[in-house]
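Below you will find the structure I want to go over with you.
As written, the chain order gives the labels A, B, C, D, E and F, with residue 1 at the start of each chain.
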Amino acid sequence: MLTHSAKRVEIIIEAPMEGRLTDALQAAGVTGFTVLPVLGGSGRSGQWSREGQVGRAGMVAVICLIRPERLDALLEAAFRVVERHIGVVSITDTQVLRAERF
Amino acid sequence: MLTHSAKRVEIIIEAPMEGRLTDALQAAGVTGFTVLPVLGGSGRSGQWSREGQVGRAGMVAVICLIRPERLDALLEAAFRVVERHIGVVSITDTQVLRAERF
Amino acid sequence: MLTHSAKRVEIIIEAPMEGRLTDALQAAGVTGFTVLPVLGGSGRSGQWSREGQVGRAGMVAVICLIRPERLDALLEAAFRVVERHIGVVSITDTQVLRAERF
Amino acid sequence: MGDILSLAGQNLLTPMILSFVLGLAAALARSELSVPEAAAKMMSLYLLFAIGFKGGVAVAGHGVDAHLLTAMAGGVALSFLLPFAAFGLLRGMTGLSVVDAAAVAAHYGSISIVTFVTATSVLASQGIASEGFMVAVAAAMEAPAIVSALWLVARSGAGVRMDARLWHEILLNGSIVLLIGSFVIGAVTGDAGMARIEPMVVTAFQGILCLFLLDMGLVAGRGLRASRGGLGVGVVAFGVVMPVVGAAAGLAVALLVGLSPGGTALMMTLAASASYIAVPAAMRVALPEANPSVSLTLALGITFPFNLTFGIPAYVAVAQAIGG
Amino acid sequence: MGDILSLAGQNLLTPMILSFVLGLAAALARSELSVPEAAAKMMSLYLLFAIGFKGGVAVAGHGVDAHLLTAMAGGVALSFLLPFAAFGLLRGMTGLSVVDAAAVAAHYGSISIVTFVTATSVLASQGIASEGFMVAVAAAMEAPAIVSALWLVARSGAGVRMDARLWHEILLNGSIVLLIGSFVIGAVTGDAGMARIEPMVVTAFQGILCLFLLDMGLVAGRGLRASRGGLGVGVVAFGVVMPVVGAAAGLAVALLVGLSPGGTALMMTLAASASYIAVPAAMRVALPEANPSVSLTLALGITFPFNLTFGIPAYVAVAQAIGG
Amino acid sequence: MGDILSLAGQNLLTPMILSFVLGLAAALARSELSVPEAAAKMMSLYLLFAIGFKGGVAVAGHGVDAHLLTAMAGGVALSFLLPFAAFGLLRGMTGLSVVDAAAVAAHYGSISIVTFVTATSVLASQGIASEGFMVAVAAAMEAPAIVSALWLVARSGAGVRMDARLWHEILLNGSIVLLIGSFVIGAVTGDAGMARIEPMVVTAFQGILCLFLLDMGLVAGRGLRASRGGLGVGVVAFGVVMPVVGAAAGLAVALLVGLSPGGTALMMTLAASASYIAVPAAMRVALPEANPSVSLTLALGITFPFNLTFGIPAYVAVAQAIGG
């Protein structure tokens, strides 16, 4: 089938920052993203888990499929939000169906 | 370690279509997949969140690792299901351990 | 923006093995990982779903971003844990921001 | 009329309605207050089980008689016919496309079990009896509207997916199965069964309904906020006109069937209410081109609060005035 | 015998059992009715806490006496020995491999706390007293069977992972800790504690048990449907033969230990029941080659309903006939 | 003093406190016992709703009088000022950086609603009355401490993010909205509202509090285990010194405002308690460089158990001795 080159950006970020991140993405012209829940993890700031927590604890994973030429704008926007925060950003080459959607 | 080339297909689709998609995948000879929950997202049809919802609302992410030569059959099958629906499909080159499993 | 080559390892493994896997990763010098919940799936051992289950049923997805030169140590460690178990391991080339974190 | 207003006032100042208002206000003010999805689903399972069981206990011993069957036939007819009224109104009052109008019509022909539950609790608090089998009528009214809506679309030539699998999903959807199942359990175990689980299905009911309505308010408020005026005046007007039309049709059917005042109020409520659980999922499969947020915002953000605050007290008052 | 049947009939027509049947039927009919995982887990925590606490309150003041200790020793012995009986039966009656047979045997030597809970509620409804410490016996019976099963596998030369970490996980698994912990809380706070939380641990109990059994029915039904006859006649037969064997062994131990009729019925129930929480997780770690769906479908899809419907009333009747 | 100890002993042996201890012990022993996140959130929503509603019913009819307003002003002043005391102590007793010390100080100036809830249930069990409006005071004390803490950081030249959006998130965070909202619902519907939902907001309260405290124990224990002595003696000492300082300040304010002995005990409890819901989220946004596990472990792992076991009984005894 016909596929089109795209980038898959995965941003793992603290839950209280989710709204700020998605707003920044939309302001940077990102037209779509998907948010996945995260159960727990480990990094330089130690290990954590969501079990039994109340409050807006933990992290979420935001996934963005985007045309290659718009990647830089997305990364600039995302970086300004995550800069001082814990979390990770990765970018993978991918192919998408239905390019008109991106 | 010895790894083998494969494709990682990620299909983000409306929850009420999940069963139809996985049935179509199985009919197309796909031997394995994993379904991840989705908390929310945004696209051309607007922004949504799963919080407080009842009913079969929202979307799920279906991940399929597959041998490259079977990719086309998978995409044809998936496309027939998602065609008229909201959601996205991406295909990434990857490596897998234990190729005999795919 | 400046990005750095890395590997994204995704391990889908039975929930009761999660602690053993993450301990093995840490013993192998892996400094970070994220655990995502899994709703259900299908493979050689049949189809399953998490709905209504009690107990430590089901699977989880462990995602590791890692420098390419540390990949082999990670895979050896992971493989020793998953070897006899159901589940899948995939490795994808990716780029990360803030390489000093990995 | 004075009576209706005073009843409405009385109804408005219950913890249930105010919990809904609190949720609505919190969401409109963009508070991050939220109920976990799993908890919301569990509360809805609880409400379905409790309302079905209580209905079953109420008919225990009476058996399935003709009265139940005529009432169900009346409800099914309403569910089949109301989508045509709704579709007509929508095409007249709003700029919605055929597909969107049909999807909304399906929601309004079907029913909202939480509206029904709230009406039963209003009746209970006023000491008005009603037929226990109305729960079965509610279950029977969930699905027929979907057929009418799809027929409206098919007639216009647009593509509809309506296969055996979707039929199966609709007829055995969770709320129908749980409602009918617990109704049967109540009917079979009767007062002995009630004695065992009364603390849960009766005593705790209104409290849990409060928390559930809080969540409904939050979801409705988020929907309204997301649509930010995108609904249009005509669509909003439909959201308050259609329940009145539905209630009138429900009244007519109730009188034909010969229901008690309480049963009449419930039939009016069912006809006036709009689905937001079973029908949305079915529409996603059958009419993927329909915009899901229009139906949901209308059903949950406009019609549900209208029924909760003004509709139900009015239906009860009318049913008593005419039936009493 | 007539008595047993009439008791069974009586037991069958309670809201609890019928809720299980409803869940089973819904899943077999492929309804998408489902209980969220978080709600199911929370209900199981609640049931464990409530049953443990009530057991503790019942022994409050009596202290830990020799009777409790002999009963626990009897239970532990049962849990160690039953896997050998189960393994023998499985190797004779079915074509299961050594590893699969041992995994199933571990489930049957261990216990199902929900079966136990249902039995206590049947006893309560018939006004039959039982020893409060049976809760502690239940907790003590969870783990020993795992040792026997792993020994059976190791003997055959297959690989078994049995390290200190797994021991730790088994002995401090959630249900053992919560059962023993709430038992101690009940024993320490006694009637004063009960007065504070009775509405939750006693009054609401049967209602929540209904919803939990509904979920168990759904899970069992989905398992049965997924296995679609893949279990084989021998395996299914084992699922009803083994509880009878277990109950007989439980009866013998109860008589040896000198339990009351109520306690005897509970000991029979424990021996007859098969684990589906703690043991499955342990088997995934220790015997990854065992097929998890065989054990789970058998324990939850065959033996659990058998015990719920015919087993428990029979065990109660036998215990009363012999012990009374 | 003897009285305080006997009261403390009495308080320690309730199902609630022992449930917390059970959770703590289970987590420290590395049991995998855990409560699903969704269930924990739902229980906290329930507790907030119930405590707010009961407070509202208690003031129904009295209206908003000057007494309520002075008490709220007193609470707000405490919340503004306590972070300075906490910050001073931390910089003196521990090696925490300015940013970490300020983040911890924000937690201690704010309040823990579960500690408050536990104190009300201790008062209720001893038949001591308190002002219903203390719920509103609790809500008013959540946010001011954040301002003081951020001012302490900004003064030191470090970067702070404090925009309108964060203000909005803090002032309309879920617990403030639900507490104030249900307080208003209780005040508006009064005894008639209470009659409808009493079984849920009153009768079930202590039982659900048990399960919630079990979870708090699990979370606290996991936090303590993860920090493995990493806290340092000074930090741990702060965790028991600061609540005493806070309680003393709370006592002074309560006497100034003229609260009843019950209200005085609650004001002391509020001042002595440390937030672990609203403030942590705000700190992640405003002070991302602060280490979140220090504050949370201290608030939930040291101060919360201290208040639960020794603090609350002592505050009640002191309040009665001085105020009675």
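Here is the rule we use: a residue touches a chain if its C-beta (ideal position, glycine included) is under 8 Å from a C-beta of that chain, and two chains touch if they have at least 3 such contacts.
None of these values were measured; they are calculated from a predicted model.
*Asks:* Which chains sit in contact with both members of the pair subunit A and subunit B?
*Replies:* C
*Asks:* With touch defined as above, tell me whether subunit D and subunit F contact each other through largely the same residue numbers, more than half shared, or through different ones.
*Replies:* different
*Asks:* Let me spell it out: compute each chain's centre from its C-alpha atoms, then which one is farthest from subunit F's centre?
*Replies:* Between subunit F and the rest, the longest centre separation is with B.
*Asks:* Using Cα averages as centroids, what's the distance between subunit A and subunit D in whole Å?
*Replies:* 38
*Asks:* Roughly how many whole angstrom separate the Cα centroids of subunit A and subunit E?
*Replies:* Here the centre of subunit E sits 45 Å away from the centre of subunit A.
*Asks:* Distance from the CA centroid of subunit B to that of subunit C, rounded to the nearest Å?
*Replies:* Taking the average C-alpha coordinate of subunit B and of subunit C, the gap between them is 18 Å.
*Asks:* Which positions in subunit A touch two or more other chains at once?
*Replies:* Residues 36-37, 47, 56, 92-93.
*Asks:* Can you list the residues of subunit D that touch 2 or more other chains?
*Replies:* In subunit D, residues 32, 34-39, 41, 169, 199, 203-204 touch at least two other chains, as defined above.
*Asks:* Linking chains that touch, what shape results: line, ring, star, complete or other?
*Replies:* Drawn as a graph, the chains match no named shape, so other.
*Asks:* Strictly by the criterion at the top, what is the full list of touching chain pairs?
*Replies:* A-B, A-C, A-F, B-C, B-D, C-E, D-E, D-F, E-F
*Asks:* Under the touch definition given earlier, write down the residues of subunit C that touch subunit A in their complex.
*Replies:* Those residues of subunit C that touch subunit A are 1, 3, 6, 8, 22, 26, 31-37, 60, 65, 92-98, 101.
*Asks:* Touching residues of subunit C toward subunit B in the complex: what are they?
*Replies:* Those residues of subunit C that touch subunit B are 10, 12, 36-44, 47, 59, 61, 72, 75-76, 79, 88-93.
*Asks:* Would you tell me which residues of subunit A are touching subunit F in their complex?
*Replies:* Those in contact with subunit F are residues 14-17, 20, 45-57, 84-86.
*Asks:* Can you name the residues of subunit D that touch subunit F in the complex?
*Replies:* Within the complex, subunit D touches subunit F at residues 13-16, 18-19, 22, 25-26, 29-39, 125, 199, 203-204, 206-208, 210-211, 214.
*Asks:* Would you pull the subunit F residues touching subunit D in the complex into a rising list?
*Replies:* On the subunit F side, the touching residues are 36-39, 41-42, 45-46, 49, 53, 168-169, 172-174, 177-178, 181-182, 184-186, 188-189, 193, 196-197, 199-201, 203-204.
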